[in-house]
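Below: a set of structures, written as structure tokens.
One chain, chain A, links the two complexes that follow: it is found with chain B in the first and with chain C in the second.
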Partner chain A sequence: MVPVLLILIPLVTGLVTFFFKDGRTAKSWALFSALATLVVSVLGLTVLKETKYLQFNREWLSALNSSFAVQLDGMGQLLCLLNAVAYPLVILSAWKNDYKNQNNFYALMLLAQAGMMGVFLATDALLFYFCWELALIPMYFLCSQWGGEKRIPVTFKFFIYTFVGSLLMLIGILYLQAHTKDHSFSWQSFIDLRLPANKQQWIFWLFFVAFAIKMPVFPLHTWQPDTYEQAPTATTMILSGVMVKMGLFGILRWLFPVMPFASFQWADFITPLSLCGAIYASLIAIRQDDLKRLVAYSSIAHIGLMCAAAFAQNESGFQGLMIQMFNHGINIIGLWIVVEITERQFGTRKISELGGIAQKAPVLAAFLVIIALANIALPLTNAFPGEFLMFNGIFSSVTVYHVWFTVMAGLSIIFGAIYTLNMIRKVFYGETIELTRAANDISMSEKLALGVIVLIIFVLGVYPQLMLNETAATASAVNEKFDFVRQTLLEQKK
Partner chain B sequence: MKNTLDIVYLIPLLPLLGFLINGLGRKHLSKSLIGIIGSGVILASFALSIWVFMQVKGGNIPPDVHYFDFINIGALKIPFAFKIDQLSTLFLLVITGVGFLIHVYSVSYMHEEKAEHFGRYFSYLNLFVFSMLLLVMGANFVIMFIGWEGVGLCSYLLIGYWFKNQEYNKAANKAFIMNRIGDLAFLIAIFWLINKLGTVSFSEVFSPANLSKLSPTDITVITLLLFIGATGKSAQIPLYTWLPDAMAGPTPVSALIHAATMVTAGIYMIARCHVLYSMSHLTMDIVTYIGLATALLAATIALKQNDIKKVLAYSTVSQLGFMFLALGCGAYAAAVFHVMTHAFFKALLFLGSGSVIHAMGGEQDIRNMGGLNKKMRITFITFLIGCIAIAGIPPFSGFFSKDAILLSAFVQSPLLYSIVLFAALLTAFYMFRLFFIVFTGSFRGTHEQEHHLHESPAAITIPLIILAILSVIGGFVGIPEVFADGGDKISSFLSPVIAAHGEHTVSHSAEYMLMGLSTALVVIMIIFAWIKFRNYQRTGAEGGFGKVLENKWYVDELYDKVFVNPLHRFGGFLKSVIENKVVDGLVNGVGRAVNYGSRQLRLLQSGQTGSYVLLMVLSMVLIFAVQFFLRK
Partner chain C sequence: MNTLLISAVLGVLMMFSGVLLKSRQVIRNLAIAGMAGLLLVNILELGGTTFFQINTRDMMAFDRFSLLFITVAIFSTLLYLVLSAKDMEKVGINYAEYFALLFFIVCGIVLVSSFKSLLILFLGVEIISIPLYILTGSDKRNLKSNEASLKYFLLGAFSTGLMLMGIALLYGSTGTFSTSFRLGPDVKPSALMIAGMLLLFFSMSFKVSLAPFHFWTPDVYDGAPTVFTSFMATIVKAAVFIGFIRLFNNAFGLMHGQWQLIAAIITAATLFIGNITAVFQQSVKRMLAYSSIAQAGFMMLSLYALSAEAYEGLLLYTVAYSLATIGIFAVLIKMNDYTFSGFNGFARYHPLLAATTTVFLLSLAGIPLTSGFLSKFYMLKITLASGKGMWLAVFAVFMAAVSVYYYFRVIQAMYFKEGDDPKIQVTTTFKWTLVVLAALVILLGVFPNLLLYWVYF
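Our next item is the complex of A and B:
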């Protein structure tokens, strides 16, 4: 029941929202819907934590042998929770904004939420693909309708990019389906398929490119800074906080269990690629003058690290990755909220045009400093345990270059400190300037949203075990796949 | 059964509470209340620390106090646990004791700040003490690392406390980033240990069974990585340049963080891991020579600095070098002993300089001071005591700890000893140069400043007096065996943790001679400084070698040229060329190619039946041809 509700609530309320005449009502309705989803999601993690509540399977497109199969398991539950937590925060932080055709705006946002829920829950490949598109399409409209000046070409690029990825994935899915014994799309059948190692290679790339574009991983990332910059900030928050995790999640759910051999063999190529990407993005972030682009490049760097941790293919890396996906989502939404407040108040995002805000808005400054420090994974904030385990995972990976990979990953966190602290210094510290002399501190709804984020940061920073317990089973299950691969390859060598 | 010492969690928890109360309530609490809360929690921690010290001294040493699992994933367990033993207890006393005095001092020193900022200041200071306590109490490398980065954060926050000044903020960033470089090495050392041993707990890592699992290369690499971490936090070559800049922070912060406690974290860490270090000769040699080089380099720079705090900052870097040198020689107890005495006299000197700066209305340039002895008797006398202590004249505290270090160097080689002695003589010289320029001669500042000169209030002078007393008597816990049997109480107290280093290989008569020699030379240096600087008059700009020293050997400029600027330019290159032209250019190129291709294809749809028929025929031929060749 729980997984179905998680998809249905935003889907139905989203469709209803289209028919509201009044923008304010639409906003309240969206908040109400988001809170309802959050409640269900929390229930699924606590009270209703029994298999019978967490799985659902019905006939759907029986002609195609696809069924409506969803399940809330260790792999997806933190991301569902993230998706559920993100929406109320985003809506709260945008409470002061009034969008043109507000009903459509929130309707599309909720539809995207339903799509993402489906992605995290589906155990049927066709349903997965369907939800993948359901999540993306509202985003195109949101960017192209409510975006900034250059929204049309940027959205077009975003669309083409992700669409190409989706198509490649669809080909992969159809190929796999055709080869399963029962010709079904179910996740289990895909896993049982056990393609021979040489056949996994091409299919691996069909899926990986789709996921890599979504994350994005260098060099497939250029759609992202433009899109983040041009999209309305509320949309950007969802894009960067939740949606990019679809790519990483896809790796864990569909790539590794189904094509373990190819995943293992390509790890030596993909790990350095994503780590170079992380360093590359961090270096560019150091030279960014636009707050949104800075956060965008910082996000690319963090995602690069996460991708590398995934391809470390061991328990520590998986555990770190899974909690980091949640925590990165929370932290980056926090950063966007601060960016949004700054831009709304001063009408610019240029770092060089701002300064001294801390004097006039100490509360905002305090929130920013905490969130920024969490973003660079200071201990006792939520990102530290995740990064620690991810780094440990990279270090313990079987490749001979594991020490150098860890050093590369480490470089990106040093650069991370550089651009984050410089941003704080230039925008918030120093003397006030003409523009910021009359700055106001933040409003109640913003305080609430940021307060929740800071609370999550500290609770999960001091007691990360809370989440690690949830992800332990999944991490060891995926790891077993790779243990098997490593074992087999070792025997072959002999 | 529960051990009574399980409540040690209160020691860090109280400062954390102080941080929360002052941090959240800074707009609502009065300044006096903020001061009372801020200092009160540290006093309570200090009282608890004394109680713990008594317990430990009485032989009640609990196993690791385990609270909850911080990270527990199958093979890897990292408990949130504290280790209470002789070593950590000693640091607890220094941190909370000196910390408390500095909090009290701050109440007066910072009284001109607005209540809101006053609260912010005390909350940062409390947070610092909390982090520092975590660092020394942690029972494993990860908890230590949490404290390790925590103190770095507080250092960053406090250096940039006056955040309106961008120069200060830059200094704060520099401190944080340089520390992060060291922290990365620390982290990799942790991963290395996890990878080899699957544990990070001190008690498990240092167990003989686990140590035997580590190859010599492992041990060398791990110890070197940890040492790189230490060079960041404890300001050694090559990561020392942040510390002098850190003087941008309020003076009590310099005293607490950048002299007495945080910067000694590296020494604590190596002393904690001495079992590992003793197993790698290469690392020990590197630690020795880095310590020696830093001690010398910083001492030479201190000779020509004119900012009162900068002199003390370089002096701190140099003294930390002495401590590392002792560690490298295997004299761990001597290093820890010097940490303690240094905490007393360097905190005293910094607080004294704060008193001077306060009286001078914010002036820090010693060339504008002079003759302050008449106006500020207590500051003058206590500062003199601090100078004598750091110079190492018996029976002041610095003498005993420095003597222990010199002796350990002598055991290594007489050549090493003479270089260390030379650095010690430089110390005496630059400290008394500072002393005479500031306190003797005639006043060289403005009339306004002269009129304003006054002794500081009691909240400032009382901590000075207490620290002065400690600087005088603090050395008596480590009287060398030649003077009194069992006089080296600190070594015997630490001996359960740090086994005493080897047997004395120096005869008593030789030891007397060495002490006599060093003391005599130090006295000569002081007299030399007295002759040169008692009637100091402003001179023209430095030239030649003096200029090199005044400009700190141009190391900052070198780092800028070699690391900072190229990195900055490289980032710009990536941004404007690679990202925009190459990567995105390729992507757009693909788009354009598709666009162009489809435009060409569109031309095929001309609407003329003839061309369609032609195409059909051609494709059929092609299909047959392909079929034909494939069949074959």
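Our next item is the complex of A and C:
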């Protein structure tokens, strides 16, 4: 029942929100809905841990052999939690903003949440595809309606990019479905399919391109900085905090277990690609003058690292990836909130035009420093265990280039520290200037949102065992697939 | 059989109603009531109640599939009439005649979707075409309408000639007009037969505007009065497509291997030309003309694959496409400015119309949760299931992505751009019918079984 509620609550409340006349009511209603989702999600992780609560399967498109099958399992649970945690934070941080047609704004936001929940929960490929698109459409409208000056062409580029990717994935899904024994779309029969290794090569790319565009992996990333910059910040938080994880999650759920051979064989091609992308994005981030673009490029860099960890294909890498997907979401939302507050107060996002905010807004500065340190994965913050495991994974992967990969990954982290700390120094420290002299500190709702984030950062940084426990089983299950692949290939060599 | 006879009688009745009745309102209501009655008798026949027992000597067969399609076609026509019948007043003075011609076309649709003899197919196609020539030119004082009508007539007559030639060659090689002639598995078809088949293939391609036989389509669709373009581009096209697949499945199904490659090439060409050219249009009406070509390319995949599921898929596709396009045209007819910028700021002044139009556009673009997605999904599925259509499916997918560009341009204009109030008047009935239409588009996208169930039971 839990997974169904997780999809239905935002879906139904989202649809209802369209009909609110008053913007304020819509906002409160959205917050209420987001909190309800959060409660259900937490219940699903703690109290209702029996299979009967966490699985649901109902006949749906019987003519197509597809069913409405959802399941809250080890792969999706952290991301569902992230999705559920992110929404109240985002709504709280945007509390002071008055959007035009507020009801439509929040309705679309909630619909996007329903779509993303579906992506993380679906165990039926067709349902997965439906939700994948359902998450995209509201985002398209959100960005094009409430975004910045160049929003229409930029969002359109984003839409077409992802739409092409997902259609290619649809062909892949259909191909696999046609070859399964029972002609069904269920995850289990996709795994049982065991396509011959040479056939996997093509189908792998149909899926991977879709996921790579979503993450995004270099060189398919060009839509992202523009979109992040132009989208309203509340939407950008969801895009970069939760939505990009759909790509990584897709790899874990639909690519690795279904096509392990091709995934293994292409790893040496994809890992350098994503690491180069990470370094490239970090270098660009260093040169950025716009706060939003800086955070956007930093997000590309982090995702590139996570993709490399995924393709390291060992237990440590997977576990690190799953943990980091959650923590990166939390940290980046924190960064966006700070950017949002800064922009709202001073009307500019240019780093060169700001300075010395810390003197006037010490609370905000303190929050920012903590979040920024978490973003560069300092020990005792939440990102550290994940990043450590990811590095461990990359280093201990079986490829002959593993040392080089680790060096590249390390470089991107160092660059990450440079641009993050530089940004803090320029924007928050130093003497106040004309613009920032009259700065106010943050309001209650913003304190609440940032406070929750900082709390999560510390709790999970000091006691990572919580997440390690949740992810261990899944990581080793995915790893087993690759053990099998490695063994088979070894035998073939002999 | 019910529908065939009654629609013909209703057509004659409507023709005289123009003389006998003065009020246009009454004529309109009569036509709508007639269409509703037609729907009723057809559903009765679907349930097994036939009023007329006529021995067609195996020239026609009213099987489940054809009856189901006729039901769908009449239902769409009914919605079309409710939405747009009033706008026909603007076209010309022969108000009642337009309805009469529409009823004759329905009569032709019944023939085309249930024939078992090539002669009946020919009759059906002609009964559809001739009223369409007239309707295209019905805006007599508009030169573009005249041009369109003449062009359509000349090219249409030419393709009819091809069709007759093809039928003649087939008759020469098989000795029968029936479509159920069977070749033995090892018998090599004669050159005469292949030539006849190709001629039929090309003339049918002309009727459903597949590339490279599509050149008439943009001019005719653009020149014809918009109310009639709506009808031509949707229900008529769907019906001829049903005839197309029926002909090639029944008569040439066993020779599938020999024409599959031609079907593939035509499909790819149609998808390419339709989608790419639509991108460059400035008028929404002309864009929809090219989009209808592009959508025909997708429907053509059902002929390429030709499996049992292809029938279901094509049925769903025709319904999805017709409903969405009728809806968009119904809104377009009301507009004074047919260009993309004419839709600027539409959502602000007419939120309901804009929202329903968005649903239709999303459906045409093939976004999930709409029937347009499921029908495209079916087409891709059968193409991949046929085993060798991978390249075609990938190509079709890329073209579908191109189509997003021009469909979304309308959405962008409506929602994200500022513009003046287009000052259009719509009735409450119109609004509610559009909402029903949009709801159907979504409903079929979530529960296609509501329709497909009836194919089997």
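Here is the rule we go by: the second predicted complex is superposed on the first by the 494 of 494 C-alpha atoms of A that agree within 3 Å, B and C clash if a C-alpha of one lies under 4 Å from a C-alpha of the other, contacts with A are read in each partner's own complex, and residues count from 1 in each chain.
One rule holds for everything that comes next: a contact is a pair of C-beta atoms (placed from the backbone, for glycine too) under 8 Å apart; a residue touches a chain by one contact, two chains touch by 3 or more.
Nothing here was measured: the structure is a model prediction, and the numbers come from that model.
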First, second, both or neither for A:Leu489, with chain B first and chain C second: neither
Touched partner set for A:Ile414, first chain B, second chain C, both or neither: first
Touching partner for A:Val12 - first (chain B), second (chain C), both, neither: neither
First (chain B), second (chain C), both or neither touched by A:Val459: neither
Partner chain(s) touched by A:Pro379 [first = chain B, second = chain C, both, neither]: first
Partner chain in contact with A:Ala438 - chain B first, chain C second, else both or neither: neither
First, second, both or neither for A:Leu468, with chain B first and chain C second: first
Partner chain(s) touched by A:Phe391 [first = chain B, second = chain C, both, neither]: first
Which of chain B and chain C A:Ile160 touches, first, second, both or neither: both
Partner, of chain C and chain B, that touches more residues belonging to chain A: B
Doubly contacted residues of chain A, that is, touched by chain B and again by chain C: 160
Residue ranges of chain A touching chain C (in the complex, touch as defined): 61-64, 129-130, 133-134, 137, 141, 144-145, 151-152, 156, 159-160, 163-164, 167-168, 170-171, 174-175, 177-178
Chain A contact footprint on chain B (complex, rising order): 68-76, 116, 142, 145-146, 149-150, 153, 156, 160, 163-166, 169-170, 172-173, 176-177, 180-181, 184, 187-188, 191-192, 194-195, 567-568, 570-572, 574-575, 578-579, 583-584, 586-587, 591
Residue ranges of chain C in contact with chain A within the complex: 312, 362, 367-369, 373, 377, 380-381, 384-385, 390, 393-394, 397-398, 400-401, 404-405, 408, 412, 415-417, 448-449, 452
Sites on chain A touched by chain B in the complex: 157, 160-161, 218-219, 221-223, 280, 283-284, 286-288, 315-316, 319, 356, 358-359, 362, 373, 378-380, 384-385, 388-389, 391-392, 395-396, 403, 406-407, 410-411, 413-414, 417-418, 421-422, 425, 428-431, 463-465, 468, 472, 475-476
